[in-house]
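Notes to accompany the following structure.
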Amino acid sequence: MRIGVFICHCGSNIAGTVDCAGVAQRAAAYPDVVYSTDIMYACAEPGQDAVIAAVKEHGLTGVVVASCTPRMHEPTFRKAVERAGINRYMFEMANIREHVSWIGKDVEANTNKAAELVRMAAAKLRLNRELKPKSFPVTKRVLVIGGGVAGIQAALDAADAGLEVVMVEKQPTIGGKMAKLDKTFPTVDCSSCILGPRMVDVAQHPNITLYAYSELEEVSGYVGNFDVKIRKKATYVNWDKCTGCGLCTEKCPSKKSYDRFNEGVGPTTAILIPFPQAIPKKASIERDYCRLFNQGKCGVCAKVCPTGAIDYAMQDEIVEVKVGGIVAATGYDLVDWTVYGEYGAGRYPDVVTSLQYERMLSASGPTGGHIKRPSDGKEPKDVVFIQCVASRDPSIGRPYCSGFCCMYTAKQAILTKDHIPDSQSYVFYMDIRSPGKGYDEFTRRVQEEYGARYVRGRVSMIYPKGGKLVVRGADTLMGGQVEVEADLVVLAVGGEAAAGSPALAEKLRISYDGYGFFMEGHPKLKPVETNTAGVFLAGACQGLKDIPSSVAQGSAAAAKAIGLLSRNMLDSDPQIAFVSVNRCVGCRKCIEVCPFKAIREIDMRGQPKAEVIETVCQGCGLCNATCPQGAIQLSHFTDNQILAEVEALCRF
Amino acid sequence: MSIQDELKSAIMAALPDLSCVIGWGPGPEPLRAAPLFIRGEADLEGFTAGFLSVNNPALYLPSLKGSKVGIVAKGCDARSVGQLVTETLIKREEVHVIGYPCGGVIDVDKVAAGLADACEPGEVGALREDGDDVVLDTPKGEVRLAKKDVTADKCGRCTFPNAENADVFVGIRRAPAAAEDTYADIAEFEARGTEELKAFWEKEMSRCIRCYACRNACPLCVCRDHCIAASREPHWVSQADDVPDKLFFQVIHAVHLSGRCTGCGECERACPLGIPVLKLKRALSRRVENLFGYKAGIGTETPPLLTFAIEESTIKERDW
Amino acid sequence: MSVLEGKELRIVGFLCNWCSYGGADTAGVGRFTQPTDLRIIRVPCSGRINPLFVMKALIGGADGVLVSGCHPRDCHYAEGNYYARRRLEVLKGLLPVLGINPSRFEYTWVSASEGQRWQHVVETFTARIHALGPAQAFAGTTGPANHNRADAMVS
Amino acid sequence: METVCLNKSDDAFVKAVEAESGQRVSRCYQCGNCTAGCPMFFTFDYSVSRIMRLIQAGQKEQVLSSSAVWLCAGCETCTQRCPNEIDVAGVMDACRHIAGRERKFGARAVSAFFKAFMDSVRFNGRSHEVGTMALYMLYTGRVWTDVELAPKILPKGKMPLLPHRIAGRKEVAEIINRFNQGLSDPDLVRAGSATQGASAKEAVS
Amino acid sequence: MSRIDVGYFPGCSGLGTSMEYERSTRAVCRELGIGLREIPDWNCCGSTPAHSTDSALSAALASRVFAQGEKAGIGDMITPCPSCLKNLRVALEHMEDPLFSARVDALTERPLQMRHSIRSVLQILIEDVGPERIKARVRRSLKGLKVVPYYGCLMTRPEKIMRFDDPENPVALDRLLEALGAEVLAFPLKTDCCGGSFAIPARKVTPRLAGRILDMAGEVGADAVVVACPLCQMNLDLRQGQIRAGGVDRVLPVPYFTQLAAYAFGLPEQEAAFKKLVQDIQPAFACMSRRAADIEAEERKTAAAEAEKARLAAERAAKAAEKAAEKAGAKDAAPDGAGKKSAAAKKPREKADADGGEA
């Protein structure tokens, strides 16, 4: 083999702490290396061209690039060597940036380590074989998990592009958190006026199938051909018959159900349509509150339903769908703020969350758009907003900034003034974070035009006194302690990954961070991809974000799915297992362990042998590690290739 | 009727349905019985089952797959059969197991030690059991040795003297020599410390002649002609006569047998240089037993390394 | 392997591509300083790691071997790390009997987001290996056969 | 007000406070929660969060001469509610330790009261309320302190005029003496205090 | 009743200003089967002045207390005073660090040998005895007494050191007072600071901080502020005159929880020691008696109504059962009517048993 080695400086990223020329010099002496050089930016066009030129000039048959992580640029360089006429798998990378130059400053040690990593890469490359992908057909349908604004955007874009879309929503209606908002910042336009029509579009789009009140049960298969099982939870109402007339909700005698949509601001009925603009506008029964289910007697809804849609015997149903791509858009939940004993831990009715306040502001909400104190229904005059509740708080494991609270608090302060002109708002904040078009201007307006008093400091304690709430805070700019007697306290509660996010990530085989947010493929370059091909991310499930960003990401995820499924055939990854039949003794151990059932037993002249089903194999290599005689090997990660790396490191 | 005779009639009764029955017959020396392949009554001449029935006849079963075979089995042989069946390396319906109560087998090296200067074990004319003793005819007259002193180590810790999975069992079941295998030998060995053990293996492996008798005697080695120790594709070890390479072969064998080894001890017994290679396998068996409660060759559950539990109650992962 | 004598020891890391290699990348991106001793071999999944690779490295002269994969339930291939966990846990029982200090080998789980955890793991493990000092070769090697063998594989 | 020259931050002071308290003051992001909840704020010259900021900035003089560090009641409210889990009360305590060593007493009455209390303990092995008050009045000259309470409490028989002296009061006094001799100095102890401690003890006796 | 034996560290104020706490604690513990073994020749923990001077000095004084405990073979101890408790617990926590421990030993020259633990009297009553057993010991219920529990700042803080109850909204004292029969009012300033020992050197502290607490107690309608800390008690009780001068005009008795327990257990005044309080508690008890009478009258009324309702329901059920039995009788020869009857008959007897147990 004729190997060429290219040591990338990555500007000063690598060259700052690695003697790249020195590494190149040492690499020249490695077996089969016929050409070795250092290079400023290997990934840039001149860099790639230099690699191609060197291949041609020196008749290289294999290339090692020592630069950043292969998780970043392996595909880039594979394409480059392919342009040079070499099979893309006759290429290896040594990660001398993330694993060397960025984690230590000792130039001598770094240079030595970089040279060793190159030696390992070259040793492996000598055993690489040309691999060629096979192609397989794809299912031109995309699954969107979550019907919030990000999911809606992704679904509509994909459907408009001609893809079939299956949307799964956990709640009985789509709309997500945005549907609960009264207005949106910084335009203060009506949330349901802009979201509502989009929700209707979802319902009416011929390419979209909506499964509301449903959850993802199971995912198997791979990019292009996922097999998905969806659990349609029992609503006890036959939605084919339900017309959404709402008669049942009027007559339901159980009137103390927790109102999920309205965040518990006021009770609701056990059978309900979450809100007037709900999509689908269908009734469902909350079993926990239904008299029939709990006391065995009632049946009022069944009696009044004009279409006979009530079905108390309804069971969960599993629907199976085949899709080519998946968009996860599961959004966020508010952190459980009742961990704050100093804010009353939920004991004081007039301490509400920002989302509860939205419902109080909303004309279609339980108070009809009138701001009323939960305790006595009176209109509050002094309203205190506390920001960073459960955000930027390492003590409760939520050290991150939720990102949207500063803006919605400003909006809520404005709306408070609109609703109650003689009210006074006080906003306790730590920093105002308003980087967005028109955002900072908005936070100035609320102070300058609406007279909200912004106080820079956290609140230490809230306690009731004489029908008011005493808010003990600090004004660090003034340098001291402040107190406000408030009629109502609104907590700008931060967000966290939606409940069940880790479990969903495990089903989708994608990664999630320590807080349960899904991991993007690359923080800069693959913001909507994941490490699992064919699974994309949209909205707050990837990290908290506001509506414009969620919508943008929804479109981006849709674009990725559309791009993927625009092709009729996809190339399979050739890094899969293969069996050398003469070594195989048919012991079946590989078949036993394969997580994908990708190996089957065949009969070869009376002898049992293993055979890899190439389209099913995912290339984990578990079989390879299991086979005692090494008869089954993982292409590109064979025993010999890994041993060559080990031995490059061994001294005895 | 003696056990021997009962076994013979059991063999004859089963033989019509079988291509052969594997037992033990006369070996090259009076103290060493050899495997005997019985296809007819005539082959029963010299059949023996007892103190000299050292070899594990299960060794031959995988290569005879495809036809129904009978074997006369000690408890430990039967465990090998059980494990082969569990791993589907043989089919249970293709084996006819004839069990008998085993009272332990000879360790010829111990006899040699007992004989001391009297003679070499190969010069012994005959062996006779007499109560708790064995009596050996040697050129220098009779030598009497305590039977327990010339019995294989594994028999002293045997928990499975009877082939419990036998199709036919002859005789009365024996009580096991030990209630459970405590692996005291391994604990003791391990207690010698890594430095001493490293030197131990350096010395032992320097004597290894790479004859692979250990592997060839192992009834659970599935690789046979495709051992990775003699391959370039994949190429795990060189053919050099180096200690690390030879030791690595033992590691390969031990790792391949982890969670599978029934402890029949044939590897160690077969070693012409008396290298205690069973120690490595028993160290792994101890670990597997402690972690997963798994004893190979007893029961039919999947070997622990070919399966998993999502929550491993016994694996305490290091908390960094 | 050639390490800086007196400064570094030979530590081989086997990391799964999806979680731990990514975690090591994340540590790099975060500039989480680490000792330089470790050399990482990337494999698709911890389930790909034959315990014999670990043994090969240890007998071949590595002073320490560190395996890291995805956390349980988070395997990119759903189950690979579960098998790895059993196999590597069992392997720990072989080392002391063989005359190798079992502290020279460790396995753990690091996800792609856990850059800081990776730093901590590398620091801790490297410190542990330095406390043990360099491993002693098994005496009885006739020559530097290994690199010849690598050549043999190629030919 | 004076312009603070940031180049002249006393980094050694920052390190000293961190070592004494075991806290990392850089974790403080100045949210003001400590100040917000501080019951003693109204007696302070600098608020708690200002003290934290001054420590971060290495403003040793201002911190050590402040009354705030002496007036902190140690109620732990700031520690309890600090979002960054800083033991703020511990930092205040540490500042008091350092100030005391440097003989800086930003609130004379408080340090005099502490001294009176400790003296009472040194004499008796236990604190004696009447004795402590007497010493306090002596040290501060505030002879009328709480004198209006006397008619209320004396008839209750709760203020014994004589102290309860314990048998081991010498042992207690020894502890305080050894401390005053600097025998618990970390460097001394780290260097192997056994021998030094013994010889120092001989010197005392 | 199972006996508990535990070391006891009374704290200096128990010999002076908080002798009623000390006296009632001993009485209550005795009644609940807690054997208190006083640490022989114990010394002052050093309180705020010591820990304000140096952590090692503070821990050294604490260490001598533990060492004295060791002398008597005592490893586990309790103390009524939260301030002592905090100092002793902080010392134990810090001494986990070997260097710190060596510094302490350099001062005491008496290294500790045993494992030590220290908890509060309140904690042992709640955790080891429990509200149920306390309730069972009540002879004179505090029914009708409206109280607010005031824990002070140190009973549950710092959270990581004290490891007891909720640091923001503790409920141990609430549970205990409820067990005694009192009505516990929601009190938002349970853990607010009263000013502690700063009442002496900084005069303006108490009227403001203790005043805020008294004011809130009065506002929520309490008859008494129940405390568990000698310093809090002194600030709230003895200094009510100073507080009044500061503008908060509330007159409220401030008993220790152990005093109320002693009273509820029917112990004599000598042990409840209410006379040691500056603010008289008798008006509060008078209020309690009046309210108790009203409550009992109300309870009798509702009980009668309930009984009537139950009787009617039982009658209906019996009739329905009879009907069902008649129906079933055609098929089944042995209708089970007796079972119900016996169950109904059993009830009064159970009640009698319970009454007997009370008496």
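Should a chain be cited, it is by its letter among A, B, C, D and E, assigned in written order, with residues numbered from 1 in that chain.
Keep in mind that, in the parts below, a residue touches a chain if its C-beta (ideal position, glycine included) is under 8 Å from a C-beta of that chain, and two chains touch if they have at least 3 such contacts.
Bear in mind the structure is a predicted one, so any value in this text is a computation, not a measurement.
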| item | value |
| --- | --- |
| Shared interface partners, meaning chains that touch chain B and chain D | A |
| Pair exhibiting more inter-chain C-beta contacts, A-C or A-B | A-C |
| Inter-chain centre distance, chain D versus chain E - centres from mean C-alpha coordinates, in Å | 31 |
| Centre distance in Å when chain B and chain E are each reduced to the mean of their C-alpha atoms | 71 |
| Chain B-chain C separation of Cα centroids, rounded to whole Å | 35 |
| Where chain C and chain E are represented by their mean Cα positions, the distance between them in whole Å | 57 |
| Chain C, residues touching no fewer than two other chains | 56, 59-60, 73, 79, 83, 87, 137-138, 141, 146, 149, 153 |
| Residue numbers of chain B (touch at least two other chains) | 235-236, 244 |
| Per-residue overlap in chain E, given as positions that touch at least 2 other chains | 167-168 |
| Pairs of chains satisfying the touch condition | A-B, A-C, A-D, A-E, B-C, D-E |
| Partner chain D, residues of chain A touching it in the complex | 342, 388, 392-396, 430, 456-461, 472-476, 479-482 |
| Touching residues (chain side chain B, partner chain C) in the complex | 186, 189-190, 194-202, 205-206, 232, 235-236, 238, 240-245, 247-248, 251-252, 254-255, 258-259, 279-280, 283-284, 286-288, 291-292, 304-305, 308-312, 315, 317-318, 320 |
| Chain A contact footprint on chain D (complex, rising order) | 29-38, 41-42, 47, 49-50, 77, 81-85 |
| Sites on chain C touched by chain A in the complex | 1-4, 7-8, 10, 12, 17-19, 21-22, 24-25, 27-29, 31-36, 39-45, 47-50, 53, 56-57, 59-62, 70, 73-80, 83, 87, 111-114, 119, 137-138, 141, 146-147, 149-151, 153-154 |
| Complex contacts: residues of chain B adjacent to chain A | 66, 87-89, 222-224, 226-228, 231, 233-236, 244, 256, 302, 306-307 |
